[in-house]
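The chains carry the letters A, B, C, D and E, assigned in the order they are written, with residues numbered from 1 in each.
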Amino acid sequence: MGKYIFKRVLLMIPTLLGAAILVFLLLRMAPGDICAVRYLGTGMAISEDQIQLCREQLGLDKPQLLQFFDFVWGYFIFDLGTSMWTGQPVAHEIGIRFELSLQVAVMATIVATVIAIPLGIISAVRQNTITDYVVRGFAIAGIAIPSFWLGLMIILGLLVVTQAWFGEPWMPPIQFKSIWEDPAHNLAQLIWPAVATGYRYSAVATRMTRSAMLEVLREDYVRTARAKGMTEKIVINRHALKNALLPVVTILALEFAFLMGGLVVTEQVFNLNGLGNLMVDGVERQDFTMTQNLVMLVVIVFVFTNLLTDLCYAWLDPRIRYS
Amino acid sequence: MGALLEIDNLQTHFFTSGGTVKAVDGVSYDVNAGETVAVVGESGSGKSVTALSILRLIPKPPGEIVGGEIRFQGKNLAFCTEDEIREIRGRDISMIFQEPMTSLNPVLSIGMQLTEPMMAHMQMSEAEARERAVKLLELVGINEPRRRIDQFPHHLSGGMRQRVMIAMSLACEPKLIIADEPTTALDVTIQAQILELMKNLTREMNVAMIIITHNLGVVARYADRVNVMYAGRIVETGKASDIYHRPRHPYTLALLKSVPRMDRPRQAKLDPVEGQPPDLTRLDGGCSFRPRCKFAIDKCAESYPPLEEMGEQHFSACFRSKESLAEIEL
Amino acid sequence: MSKYARFALALAVGTGLAMGASGPAKAETPKKGGILNFIVAAESPSYDGHKESTFAMVHPTRPFYSLLIRVNPENPSSPTDFICDLCVGDLPKPTDGGKTYTFKIKKGVKFHDGQTLTAKDLEATYNKIIFPPEGVSSVRKSFFKMVESVSAPDDETLVFKLKFASGAFIPAVATPFNYTYSAKDLKEHGYDWHEKNVNGTGAFKFKEAVAGSHVEAVRFDDFHMAGKPYLDGYKALISRKMAIRVQAIRGDRAAIEFRGFPPKQRDDLVKALGKEITVQESDWNCVLLYTPNQGRPIMQDPRVRQALTLAVDRWGGSQHLSRIAIVKTVGGIAFPNHPLAATKAELVRLNGYGTDLKASREKAKKLLAEAGKAGLKFELLNRGTDQPYKIVGTWLIGQWRQVGMEVTQRVEPTKSFYNSLRKTKEFDVSMDFNCQSVVNPIVDVSKYVGSAGNNYANFAGKDQELEDIYNQLVQEGDEAKQREIMRVMEKRALSDMAHEGITLWWYKINPHRSYVKGWKIAPSHYLNQSLDQVWLDK
Amino acid sequence: MVTVSEVQTEAQFEEVAPKKPWTKVAVDLARRQPLGVFGLAIVIVMIIAAVLADVVAPFNPLEEHFDAMLAAPGTDGYLLGTDEFGRDILSRLIYGSRTALLVGFVCAIVGSTAGLVLGVASAYFGGLFDLVLQRILDVFMAFPLIILALAVVATLGPGFENVMIAIIIPFIPQCARVVRANALAIREIPYVDAARALGFSDARIILRHMVPNVMAPYLIMLTTFLGQAILLEASLSFLGLGVQDPIPAWGLMLTNASEFFEGSPWVAIYPGVAISLSVFGFNLFGDSVRDVLDPKLRSR
Amino acid sequence: MSEAQATVSKDHGAQFRGTVSDEILVTVKGLKMHFPITEGVIIPRKIADVKAVDGLDFYIRKGETLGLVGESGCGKTTTGRCILRLEDPTAGEIMYDGKDICQLDNKDLVDVRKKIQVIFQDPYSSLNPRMKIGEIIGEPLKVHGIIPDEAKRRERIGYLLGRCGLHPDFADRYPHEMSGGQRQRVGIARALAMEPEFIICDEAVSALDVSIQAQVINLLEELREEFNLTYLFISHDLSVVRHICHRVAVMYLGHMVELSDCDELFDHPLHPYSQALLNAVPIPDPDLEKTREHTIIKGEIPSPINPPPGCVFHPRCPLAVDSCKKNIPDFREVRKGHWVACTEV
């Protein structure tokens, strides 16, 4: 098992290095730079030498190979550099946003799991009945509805409904407070994005659960279990579900990893100060250090989640555990 | 003496987009306590569907038992409630399947899968069930049962898994075991081991067995009585020696003649059953073997021949069974 | 001075458009206490006023600092009504033929950390702004080209010596970015310290900031204006999406946004909340223009450029666009209603400003045909910002379609937009804008000169006549003459040569919760943000 | 002596079921896949709208009506209301289906075809080629879809073609991976061995024997991508990086609407419904395609 | 071994038809095929071998049918694949017509491949489901330019189909429209298309139903006679092998344990494994089975990754002595044409 983990970790290296090169090149191929954004976007008359000075101060005139080396070396000495925009250490900037993104991802995962697994099972067990069609329709709608649009509608709905019912329009807080500090405030803010993204997420997981269940229910060992006179409940929960969960766990984990950095649009809609928003800002501002580290963070989270999923697989599936 | 299991005019059809497949179309046979009955037939003859129908394991949709009776100790299994059939499954009638590689749940331990039916049907505690499971494993010839019981199916070879399946089928001391092609997926030497084990155990425990196979040799070695199936019906039934030495149905005859045999002098040429098995969605009212039959007469197209008694416990479904089939003697 | 009076009056009309129940100018007794939540559309890279030029820095940090002089918070709409902030009395009159300004500095002004402010601090501050050492950034140092030296002969006196007399000096000093830092801080911590640290003499002290989320401030008890500020503190919340900013005010997560909302949002808020919303409106010292790239052959013919401007229905656009975008006023190169700006009678004589739209467009088609460019196809480069760029851009394309031009739009985010505009010059026609803080048309119109750094039309060196006109304008002291030259320049730049096309001037609309009192709209979102006079009527 | 062949030909030929007419096949499919038929109906409506836009749209989608800016649905013949420029929303939605279909089909077809080629080649040749390609695909797969698209479009700049490229790039590795897994399985199937034993060239084996047999996963990925492309385009538009005005496009309409939807909710509701409905249709259809072609192939 | 012999009819019955010449067509010498098990992330390295075939020597005469029998995993299929050059053998040589197949370059290989064809076990997966029957059979004719003319090719396809017992109209059908037996006939027709000399039948009848199996066996025999073919008949079904083969080789775990004339082997199996194998086959005669003594061989087949040292069969062998655990027995000729790899016979 230890060897297996080691192997998996080793396999991550080329992926991460490739990702680093890719993101580094992509960013530098983009036209324009951060100093132009900083000084020209305001419409004031700023002289060219000030912009040049800004570039020098940010090290943008250094050779690209050196910049790349600095970037990669940073991971070995745990120094990710400073944001070109705020001048704050990147690790600090990311740290501020991490809790929020993590919490939204966790809440969305909970929403998704709670909805998806029972629905998926029901849908599979009652394949091709009205129940199945309704669940599938619900699931496919979840994938079809853009979650940012759903977000817009949720906020508008909240404002309109609260004004109609209570006279005062209410909207979720727009400033993040940690759940440990002010749980009511925290939940009032994050429950909505968690629902908006959780719906899509649950839709994906429902479909997966359904198809995995359908596949497993056709397996010989399920027939064996029935032939032993096991109740339908045991057949589903013990024999089928445990096998069907493997791909579902993968999907849940992957989606979770994607949520950690991939909520770029939803965070805009709900004004969440999360990693996705930071990413959009970084890209817009052409903030190289921030963007490349952030993308790498997302990639690392993804790759590690993959690793954990595989280990989880191994834990759930004895065929891998003992090989 | 009432038979342990009586199947009477069982009809199981599959409703597919291509039409209704009459997989089992009026099958009747009995199994007496303690005897081993074989059902022989080629693929698509309905032998497995019959077996699955007994325990109501036909996937629905598309399959459905549309008619007939399956009386087990007087109770009609074909149309009893789901709860009632569940009481029978695993306890009174258990089953062994063809594919040992896929018939065990890969994520549950051997012990778990073995003790499960005992705890469900025999009200055993977990510890009791475990003790019995160890004994069963020993009985089916698995070394170190105490270690094996905590292992998972993938640790075992195909033969070993089939032994576990046998142990599982014996767990609740059933009265009948249905073995659906239990050795087809196994190698010859392992096949012999497993069949021998099954024969000995069923004899010792006085368990009746239905063995379903396409291998005429296996039947010859292990069965007391034989049912020959073709296109969803039983065409001939009788004691093994009658079937092998005095077949009355042209299909049985042709089948026996078509296999190369080591116990006979080599033929210059094999004598195959010509043609292809029929499409089960497009059966007409006549004998379904008619297009391949060398003895077919006009009457064969008119109606399906009923099973007629040929001798003691020997029945054949052919209009010409009583004629002399001497010209094609064995 | 009559011209200022006239101008102030003119602007007051705009300011008076308050739609809520209470007029803003009524003298009410301010209430003390409360936290003001306001919302900011962007996040500032740093807190160093000398280094930044965005409102995203001004709004959250301006209250931390004092300026030497500032616009009059009671009359922020006047571009010339400056009052002392750190100095004493009225603004000093220049001596030495307009070349020396001597400021008397207030005594007893405390920094947040307890230091006492002296003229030395201001000397150090202005020296940093005007004569930054090598490698230190001061983005507005070019505003002070006329300054020869800054000195503090004693703790209470600050002297600016100019190279030549200039009307641009006082507006430059009043620029709201000229935060006063302590000489000691600059000396001890270096010139970068203020990027991340705050120590000012403003009405509020820095409390905490969370990157990407908010900046929080508390009342500075030792503030040098007695009794002020009224607020216990404020919180500047960052929100990038317009919808959220509007919703935040609607849901009372914030009371005000200082940059400006589009008219539609104003109407929505008023409709939803009625009297709880007060609206202040004003002309805005920002103008949106389109710039044909004369580096491209199709744009080299003045007739084509004239056709471009002739096709645009400015008067109609003013009516329609002002319902959906933050633009409204039709104007020439100078801030509308400023004494130097053209009147409507003067404007209608320019190509594209005529009231007979049909005639204008016929003329445009004719010119295009003459130039052999009927059915001209080109691409409009635009900046990826909704308000007002994309809306005006889409509108412009519709206007041009009326004379048979086929225009597509290429919208680029800010970073690459300016790259295309300045460096690669890869565009046919581009959207552009000019936006300054203190209104100062003579400086602001430099944008239209081909050689100006922020002129992207690519005709530098090709229109010497325009350069000459502008030089004349700069050197002219007499107001009437200035106005005359301004007209000539306007005609040359916008009409005859049609180097640029002005679309519409911006229009600032600030709908806010009616309980916010004491804040008055200014013609720029950079101005009047010290918040020391703001109070909450709750 | 009677030869085998003579006896058998007649009998066997009769035994093979006659081919079913396509109408029956279609009706059959419809009965088994009602959701798929519903999805297909939505897609067909969309295609009709796109093709006949000039005929069915009540207004020119670019025409501004400054006298009817943000008109509510139903007023003055604007069935679904107008947007901030007074442009008819219904007409823009109808014309927008062209953009959506173009983005959807071009991205899906190009993305999955490129993935098909890479996947099959990778599986067939194996070895170093496969190893290197797998690592490269790993890199691309490690990025969330939207992040990769965002990065690409940030590099290339917004605009119609660039957005399509940004959408296609993340699709390629996804499809390549699925196709490769299938192709690897197919490589082990005896008919490929048979082809090799017959001395066919690599190109022939790939094109004639492998590619046609990975059509099922290919088509499944393709239909999945159709909806995803439309959604991605909408997301990129929402970030201001998509298709640009005045081209009528749903994502763009929604983006523009985000400023005006509070007072005039119809500007956001209808484009949102259009996007959701079309993706819904494509996905329902795609699901059924998957069920029919390969119920076992898992897809996200 | 009386009990083993008891089941096999001493009367050999009909003689094999066709002529077996003395000319040797294929010679296999020291054939080894080891599949490496690799480990390592970036640069894979070998950690073990699956010794699928571990040193085979045999020859096939022109016109004869050599049976290769054994249980799953014994290496019989791999041997066939090596001869077809679908695998590159680890060691050894395969001489065909005086040329070593293992050393041929691609161009020469194509020439040899025209002469060696294969019929696979599974009639369902050995035909490309996306091609019509006519295309499947005609493709080699077209690609190798044997019959470039479309109409003539169709004629030839029709002939081949007819020869294999199928109506020529099947050329326009797809494989999924046919039954298993019919597909297997198509597989045979495809192999025949190239007019080969040598066909490897890899479990060619194992997947077929009993009644169909006989049809195909008869067809194979007819074709051998008609076209003077040579077969390598790989099968696990001993009764079929007895019926069709001139000589039979028994394989166990990558090694050949016995090789002899068919009748000789079935009458006098020498190797204990061959005996066990014969004994395990049930005979379709209940009376005979009742009297027959069943000695059942214990244990299971070991893994080819870690084959037992010495004689690979020793852990299951009733005759095993100590030396079997160490010494690999020679493959020796105990009687003329009867080779066995066991020291105890």
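The rule is simple: a contact is a pair of C-beta atoms (placed from the backbone, for glycine too) under 8 Å apart; a residue touches a chain by one contact, two chains touch by 3 or more.
Nothing here was measured: the structure is a model prediction, and the numbers come from that model.
Chains that count as touching both chain B and chain D, per the definition above, are A, E. Set against the C-alpha centre of chain E, every other chain centre is closer than that of C.
Among the pairs D-E and A-D, the greater number of C-beta contacts is found at A-D. Note: centroid distance chain A to chain C, computed from Cα atoms, is 40 Å.
Taking each chain's centre as the average of its CA atoms, chain C and chain D sit 48 Å apart. Chain E has its Cα centroid 31 Å from the Cα centroid of chain B.
Centroid to centroid, with C-alpha atoms defining each point, chain C and chain E lie 90 Å apart.
Residue positions of chain D touching 2 or more other chains: 8, 12, 15, 17, 32, 154, 157, 258, 261-262. Shared contact sites, meaning residues of chain E that touch two or more other chains, fall at 179, 182, 215, 218.
Each of residues 14, 30-31, 128, 152, 159, 268 in chain A touches at least two other chains.
Note for the complex: chain C touches chain A at residues 39, 43, 45-46, 52-55, 135, 137-142, 195-196, 210-214, 235, 237-241, 243-244, 247-248, 250-254, 272-273, 286, 413-420, 422, 424, 433-437, 446-447, 452-454.
Those residues of chain A that touch chain D in the shared complex are 14-16, 18-19, 22-23, 26-27, 29-31, 128, 133, 136-137, 140-141, 143-146, 148-149, 152-153, 156, 159, 204, 207-208, 211-212, 214-215, 247, 251, 254, 257-258, 261-262, 264-265, 268, 279-280, 283, 295, 298-299, 302-303.
Residues of chain C touching chain D in their complex: 241-243, 246-247, 250, 262, 264-265, 267-268, 271-272, 316, 319-320, 323-324, 382, 384, 386-387, 390-391, 393-395, 397-398, 401, 408-413, 416. Taken in their complex, chain B has these residues touching chain A: 55, 57, 59, 61, 82, 86-91, 94-95, 97, 99, 102-109, 116-117, 120-121, 152, 154-155, 165, 168. By the touch rule above, chain A contacts chain B in their complex via residues 128, 218-232, 234, 238-239, 242-243, 316-319, 322.
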